[in-house]
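All chains are identified by letter, namely A, B, C, D, E and F, in their written order; residue positions are counted from 1 within each chain.
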Amino acid sequence: MYRWNHVVLATLLLSGAALGQTVTDGEARWAAMQSTVKAAQSAGDNAWMLVCSALVLMMTGPGLALFYGGLVRKKNVLGTMMQSFILMAVVTVLWAVVGYSLAFGEGNSFIGGFHYLFLNGVGAAPNADYAGTIPQQTFMVYQLMFAIITPALISGAFAERMKFSAMLLFMVLWSFLVYFPMAHMVWGKGGLLNAFLGGRYGCLDFAGGTVVHVTSGVSALVCALYLGKRLGYPSEPMKPHNLVLSVIGACLLWVGWFGFNAGSALASSALATSAFVATHFGAAAATLGWMLAEWIKSGKPSVLGAISGAVAGLVAITPASGFVTPLAALGIGFAAGVVCFFMVTAIKHVFGYDDSLDAFGVHGAGGTLGALLTGVFATYLVNDGLKDASGRPLPLGLVDGHPGQVLNQLIGVAIAWALAAVGTLIILKVCDLLIGVRAEPQNETEGLDLSMHGEEAYNFEA
Amino acid sequence: MKKIEAIIQPFKLEEVKEALKAIGVDGMTVSEVRGHGRQKGHKEVYRGQEYQVDLLPKVKLELVVADIRLPEVVQTITQAARTGKIGDGKLFVYDVAEAIRIRNDDRGESAL
Amino acid sequence: MYRWNHVVLATLLLSGAALGQTVTDGEARWAAMQSTVKAAQSAGDNAWMLVCSALVLMMTGPGLALFYGGLVRKKNVLGTMMQSFILMAVVTVLWAVVGYSLAFGEGNSFIGGFHYLFLNGVGAAPNADYAGTIPQQTFMVYQLMFAIITPALISGAFAERMKFSAMLLFMVLWSFLVYFPMAHMVWGKGGLLNAFLGGRYGCLDFAGGTVVHVTSGVSALVCALYLGKRLGYPSEPMKPHNLVLSVIGACLLWVGWFGFNAGSALASSALATSAFVATHFGAAAATLGWMLAEWIKSGKPSVLGAISGAVAGLVAITPASGFVTPLAALGIGFAAGVVCFFMVTAIKHVFGYDDSLDAFGVHGAGGTLGALLTGVFATYLVNDGLKDASGRPLPLGLVDGHPGQVLNQLIGVAIAWALAAVGTLIILKVCDLLIGVRAEPQNETEGLDLSMHGEEAYNFEA
Amino acid sequence: MYRWNHVVLATLLLSGAALGQTVTDGEARWAAMQSTVKAAQSAGDNAWMLVCSALVLMMTGPGLALFYGGLVRKKNVLGTMMQSFILMAVVTVLWAVVGYSLAFGEGNSFIGGFHYLFLNGVGAAPNADYAGTIPQQTFMVYQLMFAIITPALISGAFAERMKFSAMLLFMVLWSFLVYFPMAHMVWGKGGLLNAFLGGRYGCLDFAGGTVVHVTSGVSALVCALYLGKRLGYPSEPMKPHNLVLSVIGACLLWVGWFGFNAGSALASSALATSAFVATHFGAAAATLGWMLAEWIKSGKPSVLGAISGAVAGLVAITPASGFVTPLAALGIGFAAGVVCFFMVTAIKHVFGYDDSLDAFGVHGAGGTLGALLTGVFATYLVNDGLKDASGRPLPLGLVDGHPGQVLNQLIGVAIAWALAAVGTLIILKVCDLLIGVRAEPQNETEGLDLSMHGEEAYNFEA
Amino acid sequence: MKKIEAIIQPFKLEEVKEALKAIGVDGMTVSEVRGHGRQKGHKEVYRGQEYQVDLLPKVKLELVVADIRLPEVVQTITQAARTGKIGDGKLFVYDVAEAIRIRNDDRGESAL
Amino acid sequence: MKKIEAIIQPFKLEEVKEALKAIGVDGMTVSEVRGHGRQKGHKEVYRGQEYQVDLLPKVKLELVVADIRLPEVVQTITQAARTGKIGDGKLFVYDVAEAIRIRNDDRGESAL
C-alpha cells in the first residue's frame, strides 16, 4: 500500500518506452503524468516534512533537555533531562491511542472526535484539509512532535522539586485537558479559532504561539505558584550548574525551530522559506535585544542572556513566522528580547514566585507578545492563504489595514490563558490529592537524580 | 594559634559563612570532601549493577585563628552548622606552629 | 556530467516559451516532459536520502560516541569516543576501495564481486536494482554510513580494555569477514537471504536487524568473553562517569535513527513515512517498557534505564520498520524494552561475562527479537513490494497468514549468529597473535586516554 | 504570494477531473503542467537547501562553539562559545540590511551594489543567476549561514584574550571589508574571480576555500600576531579543558559540512551527491593522514589529532568538493591531514606566534592547499557547468589538461591572502584605537567568562 | 587523639575502606588530591605542545582516632594500601587538640 | 618534622613547583580549594539573580619536611608565590608526629 505511489511512479518513469504502448488514450496519458507529477511533488514535500519532524523531536531531546538540564543544580540534572525525555515516550503513546484524533479529528469547535482512534485511517493518503501533498501519517507524526515539546516546556517551572510520578500523571492529564483542545481549537478543522478552516474567531497562529507557548508558559506560572519555592530559594545560591549544556541546548533549539516554524508550511514551498527566514531573523534580533538590555542594565552581556534572548525570539516569532516579512521578524524578535529580559529579571522578582527556569517569563510572555504582534504585522503579501470569493487575498493584520485581527488574536490569547490556568490548577489539585506533587524535603535536598532515579549524573572520581 | 577543621553539610556552608562574617572572622579555606561516619549512604543502580555509596559529599572548612578567639569561633561554627541530625559533621582543633602571610611575610597572629 | 539532469531541467522549465519551438514532435515533447518529471522526483528523493546519510553518520559521531563515552569511567572517555570516530575514517576508505563492491556488486549468494572496485561506475545514474530514482552514489554513501556504525556498536563490549591498534586491525578484518558478506546476503542482488532480489531464503530485514544489530551484538558477546573482564570488575565501582553525555547520545541516536530506518525506503515515499512512524513508536514504547520493568523490579525508574530502553526499541524495530503498522511497532518496542532490561540486568549477571556497555544485551538480544517479530508482524498492507505473477501483493508475515516467514527469519538470524560468532573468534585470535588485543594492565589502570592517546579528556584545574 | 505556486499545484493535482474542463486549450494545458512540474522540482530542491541552511547554522552553533569551547581553559569556555553564538545574531542583521546586497547584488568586479538593500526584492521568485529552482530567499538565507561561520572561524586565533566589545566591532568591520567583497568576487555575478558568471580570472571555489577558509585563516594569523601571546604562553600549561566537547563539535562540523559543500550545488542534484561524497571522503582521509603522521612522529595517535585532521580535510575539500572525483577527494584529504599536522605542530613553533586554537594552521593552510589542489584535480567529468560555444563541457583542472587553472587558483588565493591580511590589520588598528582590542591582564587572568560576561560555566559545588 | 592523613592510590580506596570497616573504624573524610613524589609522571601532547604531567591523582584519607587505636589503624591502612611500587603514598600523623561532634557538642574521644 | 600548608594563587603553582624542585624538594600534595580573606570577590548575575562570590579558587600545597629544611622551604615558597597583591595567600606550619612511607613502612624523616 504505502509503496504504491512510488512503484507506480517508478514504472512510469523508468519505462518511458513501454509507457507509449500501455497508455494509448491521450487522457489516460495525462492522468498518468499527473499522478507521476503528484508523486514528485509529494517526494519533495514529504522529504521536508519528515526532516522537520526529526528536527522538532530534536528540540525536545536533546535540545530542551540540555537547555534546562544545564540551568539546574548538579544534583537535579538527570531528573530535569528525564522530564523532557520521558515525554517523548509518554505523549507518543497517548497520541497514537487518541490524542491525534482529539486534536485533528472532526468534532465540535472545542475538541475533535474519535474518528482516528488508534490512528485508524491515518495512512499514506493525504488529508487534504491539512496537507494535500504528504501522507496523513507524515502530518500526524509531525504534529506529534509538537504535542511532545509543549508539556516539556512547562517542566522548567517546577524543576528541582516535583515528584517524578506526579509529573507523569500531570503531563498525561494536561495533554487531555489543555493541549488536545487547544490544538483543535486553533488548528483542527472546525476549531473555534481556526482562521483557515471555518473557525468562529479566526486567530492567526502559524506554528504555535498560543497552542504551544502561551499554554505552556501560563501553565508554568500556575505550577510555580502552586508548588511554591524551592527549599532555600532565594537565599541559597542556585546557579546554573553547567552553562555549556545550556548553550548547546539553545543552539539545537534554534536549529530545530526551523523544523517547527518552516515545517508549519506543511510543504517545501516558498512559504516554508519565508517562515525559515522569519524564524532566523527573529532569533537573531532577540539575541541582540536581550543582550543590549542586559548590557545597559547590568553592565555585562552574559552568555546566558544571549541564549535566553534567542529562545525568547524564537518563541515570539512562532505564531508570526508564516505571515510576516523578514524586517517585521527583526522587529518582533527585538521586542521579544527586551520584553522577556524585563519579565525575567524584574517582574519575576517583584512578584517573587519561583519559576525556576523562567518558563513563564520566556514562553508565557514571549508567546503572548508574539501572538499579539502577529495580529499587527501579518500581511497577505507573505501569506495569501485567505481569499475572498473572487480569489483575491484577504488582508491579514493591522499593517494590511485589518485592525480586527488584533482583537481576534486577543481572543485567542485570552482563551489560551484561561484554559491553561484553569486546567492546570485543576490538574495540580487532582495530582496532589492522588499522589502528592511536591518531592519530600529530604528528597529535594538530596536531589532528584538520587531520590527519584537512584543515579548520579557525574561520577568523576573513579 | 589554632587551626579549626570543620566537616559540615554542604547546604550549611552559606549559613556558617554568614555567622563567621558576623563575628568578624574573614579568613578561611574551603574544600569539597566526601565523608563517612554514622550517616547511612544510599544505593545507586546502573543497569542492574548496584552500588552502595557510603562516602557522602561534605564541605571542609579550615580556619586558623588566634588562641583567644578559639572558643567563640568554634561555638559559632557548631551552632550555625547544626541541624541535630546524624551527618552534621565534626570539628577538630590543632595547634599551629607558625603562620605567614605570603604577600608581605607577616608572621604569627598578625598574619591571620 | 553530474549536473546534466539539472541543466536539462532548468532549460526546459525556465524557457517554457522556447520549448514550444524546439520540440515540434508530440512524442519528443512527452519524452522531454518525462525526463523533467523524473528529475523532479529525483530531487525530492535525493534530498531525503542525502539527509538520511547525514543522519546516520550523526548516529555514530557524535551519537554513539556520546552514548558510549558517557558510560565509561573518566579515564577512558576519549579512547571510547575514538573507537567510534576513527571508524568514520577507516571504514570509509575500505568502502571506497572494495567494500561497496563486495556488498552490493553482483557476485554469488554470499559475497559481491569486484565490479565496483574503487567505485568504478558508481556515479550519477541510478542503480535500478536498489534505488531507481537517486544517483547510485547517493545509495553508495548512504550504505557506507551503515558499514561505519555497525562495527562501532561492537566497541561497547570491549570498552576500557582493548588496545587501540588491535581495535583498528580487528575492525578492518571484521568488515571483510562479517559485514560485507552479511550485507550482501541480505541486501545485495542475488544474496542468499534477499527477499526482494532473488534470495534463496527470503528474509525480511528492512534496515538492518540481522545485518547490523545481530552481527554486532553477537560479535560483542564473543569479544567480551574472549577479552575477559576489566581489571577490578565487578568488585570496584565502575559507574558511568557522565550520564548527561549518554542522554545526549541517546537522543541523537533516536533522531538519527529516522535516517537509518525511514531512509531505508530509499525514497521520500509514504513507505518512508511509515518506517519513520514505526521507528518513533518502537522507541517510545520500549522506553516505557524498560522503565516500567525497572520501576517494578528495582523501585526506581532510572534515566539510564529510559535511554537504554529507547535504544533497545530502536534496535528491535529496525528490521520491522518498513513492514509493520504503527500499533505493531508499539508492541514490538514494548517487548524489546522489557526483554532487553532482563537481558542486561539479570541474564548478564547469571553468566558473569563483562559486556561493559551491554552491546550484546541491547543489540544482540534486541536485534534477534526484532528480526523474529518482523516475521510475525510484517504485512502487505504496509509494504506491497513483493508481488505474485498477476501483480497482487504477497502476504508477508504470520499476521498475513504466512507462517513460513518466521522460519525464514530464523534462518537469517541463525546465519547472522553463526557468521558473527565464528568470524569474530577467528579475527580475535589473529589479532591476538599479531599484536595482542588486550591493553597491558598498567595501561588499563592508567586509562586508555592517557596510555593509548596521550591525552586527558578533562583538565579542569587550569 | 509565497503560497501561490503551491496553491496552483494543489489545484491542478487534486482536481484532475476538473482540470480537463478548465483547461481546454492544449498549449495552456502544457503550460500548466510545466508549472506544476516546476513546483515539484522546486519542492525537492528547496527541501534540500533549507536543510542545508540549517546544517550550516548548526556548524557554527553548536558545532564550532563546542569545537573551540572545548579547547580553551575552563575559565574562558563561555566567552569562546559566545564569540560564535553572537555572530549568529550580529551577522544576520548586517546581512539583512546590506550584506546580501553587497555580496550578491550586481555591482562591479569587487563589490555588489545596493539593489537588495533591506532584502528588497528578495522573495519567492528564484534568482536564475544563482539558483533557478529555489526561492531567492532560500539562496539568501543559505548564503547568510556562510557569512556567519566565516568570521567565527577567526575567533580561534585570539581566543582567551580579546575584549568582547572589540570582538564585536572587529567582526562587523571585517564582514564589510573582507567577507562581502571576497564573496562577491568569487561568487557574485560579475565578480572578478567568478568562473561561471563572467569573472576575469575564473577561480574554482565550490563552497568557500578562498572565500571562507583562506580569508578567515589568514586573518587569524594576523590577529594572533597583532594581539600577541596569551599571558603565560607557552610556559604555563594551557591544555584543552574538555576534549569531549571538542569531539562533539568536530562530529557536528563534519555532519554540518554536508550542508556546506553538498548544499553549494544549490539543488538536490547528482552534483550535490558528488559533493557530499567528496566531502565525506576528504574528511575521512585527512583524519587518517593526521593520525598516521602524529602516530609516527609523537608515538601516539591522539583523539585531538584525529578530530583536527577531520576538520583539516573538510577545509581542504571545500573548494574542490563539486569538481573532483571521490578518489581525488581521498587524495586531497590525506594531503591536508599531513600538511596541517606539520603546520600546527612544527611550523607554528618555529615562528612562535600564539594562534591559540590553530585557526591559521587548519583553515589558512588547509584552505590554501585545497584551493590549489582544486586547480589540479577539478574535472569536467564531475562538473560540466562550463561549456564552450557548441555546448561541449570545457576542461577544468590540470587533470583535464588545463594547467592554466592552477594559475587562476593561485591568483584567487593571492587576492584572498592580500585582502584578508591588509583588511584585518587595518581593522585591528582601528579597533585598538577606538576601544582597545586586548583584555586587561587581570581580566585575562580571571578569565573571559567572569570578566566579560559575569558568569562561570561550571558550578559543580552546589 | 591523633589525626592520620594518608595519601594513597585512588584505586586502593575501596580496599582501604573495607579494611577499616573490618576493624570497626567508621569515621573518615576523603578528598581528591594530586601528588608529586618519586613516581614518574607522564607526557601529554596536544597538537604538538608537550606537557610533562608530574602531579598525579591521589586520594587523601583523613581520620581522627583515639590514641590507643593509632597503631592498629595505621597498620591497617598501610597494609591495605600497599602495592610495593613507587607511588603508594605516605601516611602522616598529627596531634589533635580537640574534637567536637557538631550534632550534639560531644567533645574529645567520645566525639569520634 | 613539620608540615607546611600553603594556600596560593592557582596561577602561581607552576612557579612554586619549579622553585621547590630547584632546591631538591620533591614530595608534595596539591589540592583545589576555595578561599576567603581580604581579597574582594566578584559578582555573578544569572538572569537578574545576583550572586556575590567571595570564595575564590586557590591551590593548597602540603609538604612534610624535615625540621632542618623548614626555613629554606618556607622561604622558597613564599618568594615564588608572592605577587605583592592582596590574595597571595597564607602559609601555615604544623608539627608532625610521625611519617610513614606506605610502600615499605619507612618511618620518620627517612620516609619523606
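In this text, a contact is a pair of C-beta atoms (placed from the backbone, for glycine too) under 8 Å apart; a residue touches a chain by one contact, two chains touch by 3 or more.
Computed from a prediction, not measured in an experiment: that's the story for all the values here.
Common partners of chain A and chain E, by the touch rule above, are B, C, D, F. When the contact pairs of A-F are matched by residue number across D-E, C-E or D-F, over half of them reappear in D-E.
If you compare D-E with C-E, the chain pair joined by more contacting C-beta pairs is D-E.
Chain F has its Cα centroid 18 Å from the Cα centroid of chain B. If each chain is reduced to the centroid of its CA atoms, chain A and chain B end up 48 Å from each other. With each centre defined as the average position of its C-alpha atoms, the distance from chain C to chain D rounds to 31 Å. Chain A has residues 33, 37, 40-41, 43-45, 47-48, 51, 236-240, 242, 248, 298, 300, 302, 304, 454-456, 458, 462 in contact with two or more other chains. For chain B, the set of residues touching two or more other chains reads 31-32, 44-46, 94-95. Per the touch definition, chain B reaches chain E in the complex via residues 2, 6-8, 31-38, 54-55, 58, 60, 74, 77-78, 81-95. Interface of chain C with chain E (complex): residues 232, 235-237, 445-446, 450, 454-456. Of all residues in chain A, those touching chain C in their complex are 1-7, 9-10, 12-14, 16, 19-20, 29, 33, 36-37, 39-48, 50-51, 53-54, 57-58, 61-62, 65-66, 69, 77-79, 81-82, 85-86, 88-90, 92-93, 96, 118-119, 123-124, 134-135, 137-138, 140-141, 144, 164, 242, 245, 248, 449, 452-460, 462. Within the complex formed with chain F, the chain A residues making contact are 234, 237-240, 298, 300, 302, 304-305, 308, 344-346, 348-349, 358. Taken in their complex, chain B has these residues touching chain C: 44-49, 51.
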